Amino acid sequence: MTDPIISVDQLTKTFRSPKRQGGRLGALRTLFTREYTVTSAVSGISFSVDRGELIGYIGPNGAGKSTTIKMLTGILVPTSGELQVAGLVPWQRREQNALNIGVVFGQRSQLWWDLPLIESFDLVAKMYRVAPDRYRRDLGRFRELLDLDEYIDTPVRQLSLGQRMRGDLTAALLHDPRIVYLDEPTVGLDVVAKERIRSFIEEINRDRGTTVILTTHDLVDVERLCRRIILIDQGQVLYDGTVERLTAMYAPYRVLVVRLAPDRGDSTDGGDNANHDRPLGLPGVEPAGREPGVIRLRFDPAIIGAPELISAVVRRYPVSDLSIVEPELESVIRELYERRPATT
Amino acid sequence: MTKINLGIALWMAGLRGALQYRTDTFIVIVMALVFQGTGFAFAWVLLSRFESLAGWTLGQVAFLYGLRLIVHAVAGVLTGPFFGLDWQVRSGEFDRYLIRPLPPLLQFMTQRVEISIFGDVLGGVGIFLLANQLVGIAWTPIALVYLLLAIVGGALAEGAVRVLIGAFSFRFLASQSFLYLADSVFSTFANYPLTIFGTLLKLLFTFVLPLAFVAYVPATVLLDRTAELQVNPLLAYIAPTVGVIWIAAAVRVFNREIRNYQSAGH
Amino acid sequence: MSAVASSLPAYLKLASLQMQVTHAYRADVIGGLSVVLLRILLLKAVWTAAYADRASVDGVALPDLMTFVTLGNLQLVLMRPMLVWYVQRRIHDGQIGLDLARPVPFLGQLFAQQVGATAGLLPFVVLSIPLAFLVGNLAPPASAAAAIAYFASLLLAFLIATLIGLLMGLVAFWTVQSLGVGVIYEFATQFFGGALIPLTFFPSALRTLANLLPFQTQVFIPVSIYTGAISDPADIVQALGLQVFWVAALSVIAWAVWQYAKRAVTVYRG
């Protein structure tokens, strides 16, 4: 049993900033003030990550996601708690920690703004002491995978967001880090670009076994890529586990969408009124919205299996088409928020 | 690649980046020249009417002036970016230096090069060469070595003050005004022999700010004026080490203060 | 004249807005004043060393010299022409069109802006007088007549500074390098205005050059009247006359340049 590559125990971060003084000589008084505003960004979170996992780290704005990532990467010093990444305490051994990790911030580039993209790669390769032939080979792969050639000689400040993001991803991965932190890597991108980034992430996790911590607001990213998610809110872990278990806990249902055959007329009117709460008279089945020609039935697979429900539906209605829809992660999470105990 | 080579490569990148802005380059250099030109013109006109300043002739004052400008330029080579540290700390741009495998201070100092240093160097060397025509210095190998050490030591001293002031950006988020103030103090007073100032200033510029060691003390050694220092001349010879001590302390403080970095936006 | 009168409310509004802007940037103002005070401190040390126990040189006594230098530098702070930066900024932000479209003469607007900026600086400069007195020297005016003549001269100096600032601001319509021109101007005024070395000490060739330039009318002349260096009524009139000449000359030049700039602007906008 190998040790987890990341282990976090009771990690806490509070920010103290001097309370800004107003009035005359406000700036000077702020300098000497004893009053502080204390913000608790992260309070006592614990989790561990094994090598090769691809984890979604999600939560609302201000939940403490970025703060956690910044502690994991060594940017911030924790107020208390234990933290180990690949055997190191990040903020104590920043440079060694940096060699093990790659970081991409969706909203901020780490490339050299005024220089052609290729020069950023050259500098990064030098910094991380990547051997020249390995650099050439790996860069060639990235150029191909991410289509970098068309703009690799353009100054970074002239690149579009999608191009810059691909550049940042390459720069972060050039030294083949063991762990990669991606903070909102698909933000602001169009659908095609998003998908390209997602498959790229999937590929590096699969082919190179790179551990990936993905922070995102886009739950499609999560659905697409992550088996395990850690949900954080108000500085605390609300959920840590697989998406399936989360769904089973908070939205243990699926929806059967029935498209009715048009020429047979809507013979379902009135007939079901008596069984409104239990359409078809079956347990574990609820109506879930109704449109002309379409019936949606929400059912709990634990109570009634899909095949059984389908045959009942087909017997009862003139069906032209059927599909089964999984609950969206978004609704699952919303359900979780609604059900969690009120926090102080 | 050793850290030094890496530092140089990064610095060259910073220079290339700065040179992208063609128009700014020219104007910045001209402005730097005008800035020093006025200061030196003042000293020149003054000393053409008055024979000496506290016993310093025109040539000697020019020597000090030119030396100080060269030191200022060298200090600016790595510490120019400090005037933007405030903003980088507040906006979270400073993050990137903490997640790359090099000392954050080194990365920060090489990110961009202040083009004005080239104007300073031009002006400084010009005045220094002029001074050499007026002052007879026997440039023995030892003297040349000492000159080099003096320039490096002085630059370290002036740079250390910037690093120290910048270090408190992490805690207070405001250092730019103090940087400008310190810069003004150095630019105003370091060009002149310390002897013209009152006791309070003399003490301030020796023990609180290393201003005296930026150019004045080494100049007294090279001009053979160590008698006016009222201390053992030996202490004057080791003036460059003051810069080393200051920068070592400043770097230590800076790296410790990084712990107070709060980044930005959550 | 009636044109000016009808635009007066607009001018006052612009001036008062600019005053508020100056107040908002008071950190910068205080920073700038600190730098000037440091300069005065240095000048005192240098001049004291230069005089080397002599009571006076070339008829100038050290305390008078210090008053000269202190007052001269404070004047420069007060009359610092912000129009170079103002016009440059408005062009850069694309706001210049708004200014040009106002039903108020553009040159008048610029003038009002400068008046506002100077008015905004006035309280700061006045408050720094005690400090200036400490680091330098600030003796009272030579006489009541001198004081009156000084204020007249100061007003003329302000007009000259503003007109030059206006010219530099107009240069911004042609090139970004106008900022460099602004910086050069500041140092030229310090040096050739006599705020660092009274022109009395200039070698003859340099003195001739300085006499031809308008900068001496901004610093040297008013301060000389204040300290009584120029005390003969005939001399005072002559000095003021020189200032008036420069006001007139610069006004004509400014107007001519503006006509030229107007054409350049319409081409640009078209």
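By letter and in written order, the chains are A, B and C; residue numbering begins at 1 in each of them.
To be clear about the criterion, a residue touches a chain if its C-beta (ideal position, glycine included) is under 8 Å from a C-beta of that chain, and two chains touch if they have at least 3 such contacts.
All values derive from a computational prediction rather than experimental measurement.
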item	value
Each chain counted as touching chain B and chain C at once	none
Longest centre-to-centre distance from chain A, chain (CA-based)	C
Distance from the mean Cα position of chain C to that of chain B, given in whole angstrom	31
CA centroid of chain A to CA centroid of chain C, Å	60
Averaged-CA centre spacing for the pair chain B and chain A, given as whole angstrom	48
Where chain A touches two or more other chains at once, by residue number	27
Contacts with 2+ other chains: residues of chain C	27
Sites on chain B touched by chain C in the complex	23, 27, 30-31, 34-35, 37-38, 41-42, 45-46, 48-50, 52-54, 177, 180-181, 184-185, 188-189, 192, 195-198, 201
Complex interface listing, chain A residues touching chain B	15, 17-18, 27, 31, 41, 61-62, 64-67, 70, 73-77, 91, 94-96, 98-99, 101, 103, 105, 108, 110, 112-115, 119, 123, 126-129, 155
Interfacial residue positions of chain B with respect to chain A in the complex	1, 6, 9-10, 13, 16-18, 20-21, 92-93, 95-96, 98-104, 172, 174, 259, 261-263, 265-266
Contacting residues of chain C [partner chain B, same complex]	27, 31, 34-35, 38-39, 41-42, 45-46, 48-52, 57, 176-177, 179-180, 183-184, 187-188, 190-191, 196-197, 201-203, 206
